[in-house]
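Following are the structures in question.
The two complexes that follow have subunit A in common; it is paired with subunit B in the first and with subunit C in the second.
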Partner chain A sequence: MKETFRHSMTWLHTWTGLGVGWVLFFMFLTGTAGYFQSQITRWMRPELPLAAERRLMAPEEGYPLTQAFLQKQAAGADTWGMDLPSPGVGREHLSVWWQMPEGAQDRYGNAVLDPTTGERREGETARSTGGGGFLYRMHYHLHYLPEVWAYWIVGFCGMVLLLALLTGVITHRRLFQDFFLFRPAQGGRSWRDAHAVLGVVALPFFLMITYSGLVFFLFTYMPAGLLAVFGGDEERLEEELHGHDSHTEEHQDAPLSRSGVQLPLPSLLDFVAKAGPVWPESTVTGIRVDFPGDSNSVINLFRHTLPAPDSERMISFRVSTGERVGSEEHEHGEDHGWAHEVEETLFTLHRGRFAGPLLRWLYFGSGLLGCGMIATGLILWTVKRRPKSTGSETSGFGHSLVERLNIGTIAGLPAGIAAYFWANRLLPLDWAHRPEWEAHSLFITWAAMLLYPAFRPVRNAWVEELGFAAALFGLLPFLNVLTTDRHLGVTLPAGDWELAGFDLTMMALGLLFAWTAVRVRPKWEAFPASPDVPEPVRPTKSSMA
Partner chain B sequence: MDSPSSRVPLRRTADQRWSLFFRTLAAVVGGYVLTSLMIVAFSLAWPGHRARGVLGVSMLGFLIYAGIVMWAFTVRTARRVWWTLLLASVALGILITLLKLQKAT
Partner chain C sequence: MNELIFFFTGGSLAYAGVVCWCLSQKRHQQQVFREALPLRIGWVLRLCGVLLLAGSLGQVLRHQEGIAGAAAWCGLLTFSNLLLISLLPYAPRLVVALGLAGVVGFGTLVCLGIPTGF
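Showing the complex of A and B:
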């Protein structure tokens, strides 16, 4: 349609990117925050102990307490669950849960136990909050929308992003040749360079994250093959994938019902000891007992932190024989085929749960690069089409709309996320609607940031909103000083780097936004005011110029 | 975006707008249909483990779809995009029918 292949691809890149850029920015930003979700959750529950004061419990200490408690509280249950405190994955307490047989009055129950007495600890000590999990879920679940809508919107945007990345490589292909040709402070050209550099630097990450994101909802988006071969029944495909035989055998191996014959549950520590040789490097941090007290009872041992991304999470023992039954390792050794391997690898890479601190920061940094790539791309679109560049007198409605959506999202959404954290500190502690209003705070702030530029000249709106975001982030650690005793003055001397890291990151983000605001200001002064907005009367400035 | 002509916002004629609309429609809808048909044909023709075949080619679907959309924006006229997609879909439809018949026997 355009003269050359590259022109067509550039056109496609420009318009696909513009079409979904704001939603993608939202997904990237919240998803990036999600890599630190358990750290964010910890910061948002400042009543929890500092890292150094945490009581970690050995299995020998914890499980006798939980077993005794459940014996008293939930004898005859279908399932018992117990978790040792393992702060690395956001579990702070010694806790138990249980499920009674169908038809029981209070079928489900859970309790937090006192680590010394083993009695139920009354009243949740930490405030309720959406935490980091809320931000994480939002990147694919969105908010205020039915799940199915959200999945389709996210899928559509993901597909368009894939397209934008592929066409982007062609559009900016020259950048691969002259990678070091960065031309700062040259208006439109610098924006293009910045956009392309950001895109190239983490291109493998972007391709991986986009593709794996789509594969998470594979058969929602691409159901044709499933429909044709398995009549749309995903379970049948799964069964076949994992091999009919091994699957059914395993279930026969570990019967999922009671025998009705009583068999008192031995000490759980006996089974924890059996896990020792299998998992020399890990602690058993969770146990689930199926049908405790029955002769068909099975004990499943879990570890919450995995030594390697593909290591097994659970091993199971049958109480009656003390033998190991079908466990994940069992399955793991089997060959499920290349397709399954690829899928699993994509999921693992996307979630990054295996990542240690350094790799986690790399994920976080790559995510931020993604936000930067999207933001510079959106800005580039407007810079190229400013009246000065196009030679036309006025910029049209479309152009001013994009300018304003850019401001409201690129500066406004981060401000909204900062407001989410502010709400966590400022909303009344025992208010039942706390988590909801934390979320509302985010969206109310974002909405206000989207509306604000409609009443301000573009350049002022940029500087003011960036400044506002800078203030919200930068002042957050100070608000923290005023409202909690988990602030930098405490967390730094205590060496609690998770909590201190959050505050320090907020300060860094504040500085980043402040720096951007300062950098943007003179640029905008140099530009003629776009004629579609009234030039503010500022005699001092113009006389200075 | 280098040529000066592409910097000037093009005042498209009504014809060009419609052409762009139909091309986009072909790319998005026609492209998806063709991708789905390719997945089905491949899944049916796959000689090995069928669950693996379905999973594998479905995962490739996103790339195939992206490829078709990109292609649709390089073809000279929208009409041609439609015809090509239509012919390819019909051909795949016939292939799928044959594969199904073969499986049934």
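Showing the complex of A and C:
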């Protein structure tokens, strides 16, 4: 047993952190990329029009076209749906869908409409890709593993991270006195400072993200309450948690079937106009009509562009009376239980769903700080345990393994993610297995990067892998020039910042890795030593972010 | 645009706040001014730090209420601290200069009548 409480906590912090550090690094890096998943997906589908060429449609332009089309195509349907192009949520086209009554032939249908003529036009032509969503899902879903296993592994690592964060705070001797302390170029001490600084400055973010992340799969990890109170019936729990099921709620005082009495559908724009006072600052980007042409018809208006909780995303009107359906209370979500509010708040915080562009960057940056904290922690473990003098001792197997896993993950995983983007540009366009092989490229590259250090001295492997990652990221915009017409030479003059921002970020990452490699290199040359004796490598803390 | 202004004002006040708090510590006073400041000044700096941080929280909340505002403020505070800590060993005077520049910039915006909430 360790002699003091703090000693035990330090011990716990060290070994829990080491045990799950690499998986956590993976979760943090892919999750961080997830904050820009729609931008990543956009870049991975270069066939879509540039922002400037994209026609954003006003409701006055779009809905008359969709209504006329559906009237012709799907009269007598149970449901019509229509969406204006809204790139913010990944909708690029004016599109409609419909559902005919039960028993009808071709019950479901959908179409993309030409924005000028309102006629059907051939659908999406962009290449198929896993997109940013693949990276995002991977941070809790992992890959190549059954879902449930992944949730348990992720949950275990998350729980250990929470433990490591708390014990880390206890371990930190002088949290407030040393808050601003960073001493560069002092070997192990610098690594400890860097690890502590990165951990402390973003501590609220780390605690929030870890705790809320665990809550996502609460009932997978702790099913006892669900079993005892609801007999394992998750649907009943959802119902009680959310007050009423929102779907039935919205139709609460509206009939759920046809009346059989015909009532021609008035112009949808009349109802869009009624939404104006309720949503003064947003556009109605989608409409769903239940039982069009019947006197029981209900029109549901949606908005997607504003960051808003789900309960404030839809309003409904009854066609026969023109009155709103559903109570005011429901609009503000006040009939939800407080448990639901807490859950919703945690999820919203985790996903940063309310974030505008700048706050999104802060989220992204905080995520990178998390990667940096984990990376510096892992490196600190090896630095502290390196043999004191060169040539006299060799490091043990465990130490050498950790060194190599560090290189393969901290430099290798980012290289794998860059390879994922390379695969998007290089794999044949009409190949059915494109998305899978994009993913395989990531893992093949990562596996190679994990194996490579086994055959190289540690210091060389650091420089070479960092250099390789730098090349993959830095050259990506140039590969883009060669393979598409959505490169910086086009996107910058067109002012398409979503696309240009991706290429510029990749260049910045390339420079960051190159700079880190350059920082590591002289240290390596200054200490010529036998291959299996690692030397201190000391890039500064920010280079690890 | 609105978001940009409030992030700038909130961020510069937060940065100035953490600079004040940092300079209330003897170790960092020596780092920046080569000598320790009188104890009383340390307390004044600490008070200024708290007021500036409160001001920055106010700024951010004016733009974004509730939980989103709190998240934004935490983020700004994180990166203010990070900027300060990574500059301090290399360019200690620049740390203070940036803090002053931020406050002056904020003052200019207020004087120009750009909507900062004041």
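One rule holds in what follows: the second predicted complex is superposed on the first by the 449 of 545 C-alpha atoms of A that agree within 3 Å, B and C clash if a C-alpha of one lies under 4 Å from a C-alpha of the other, contacts with A are read in each partner's own complex, and residues count from 1 in each chain.
Everything that follows uses one rule, which is that contacts are C-beta pairs under 8 Å (C-beta built on N, C-alpha and C of every residue); 3 or more make two chains touch, one makes a residue touch a chain.
Because the structure is predicted, anything quoted here is derived from the model rather than measured.
Participant: Sticking to the clash and touch definitions up top, decide whether subunit B and subunit C on subunit A clash or fit.
Facilitator: fit
Participant: Tell me which partner A:V197 touches in the superposition: subunit B (first), subunit C (second), both or neither.
Facilitator: After superposition on chain A, A:V197 lies in contact with subunit C alone.
Participant: Spot which of subunit B and subunit C makes contact with more residues of subunit A, would you?
Facilitator: B
Participant: For A:S366, using the defined touch cut-off, is the partner it touches subunit B, subunit C, both, or neither? Pick first, second, both or neither.
Facilitator: The answer is second: A:S366 touches subunit C but not subunit B.
Participant: Tell me the contact category for A:A355 with respect to subunit B and subunit C: first, second, both or neither.
Facilitator: A:A355: touches subunit C, not subunit B.
Participant: Return first, second, both or neither, reflecting whether A:V215 touches subunit B, subunit C, both chains, or no partner chain.
Facilitator: So A:V215 only meets subunit B here.
Participant: Of the partners subunit B and subunit C, which touch A:L162 in the superposed model: first, second, both, neither?
Facilitator: first
Participant: Examine A:F205 and indicate which partner it touches, taking first as subunit B and second as subunit C; both and neither are also allowed.
Facilitator: second
Participant: With the two structures placed on a shared chain A, what shortest C-alpha distance in Å links subunit B and subunit C?
Facilitator: 18
Participant: Need the overlap of the two footprints on subunit A, from subunit B and from subunit C, as residue ranges.
Facilitator: On subunit A, no residue contacts both subunit B in one structure and subunit C in the other.
Participant: In the complex formed with subunit A, which residues of subunit C make contact?
Facilitator: 3-4, 7, 22, 25, 27-28, 64, 67-68, 71-72, 74-76, 78-79, 81-82, 84-86, 88-90
Participant: Please output the residues of subunit A touching subunit C within their complex, sorted ascending.
Facilitator: On the subunit A side, the touching residues are 177, 179-184, 197, 201-202, 204-205, 208, 307, 345, 348-349, 352, 354-359, 362-363, 365-366, 369, 541-542.
Participant: Can you name the residues of subunit A that touch subunit B in the complex?
Facilitator: Per the stated touch rule, the residues are 1, 5, 7-12, 14, 159, 162-163, 166-167, 171, 192, 211, 214-215, 218-219, 221-222, 224-230, 237-238, 240-241, 337-340, 342-343, 384-385, 389-392, 396.
Participant: Inside the complex, what are the residues of subunit B that reach subunit A?
Facilitator: 1, 3, 6-9, 20, 23, 35-37, 39-40, 42-44, 49-59, 61-63, 65-66, 69-70, 73-78, 96
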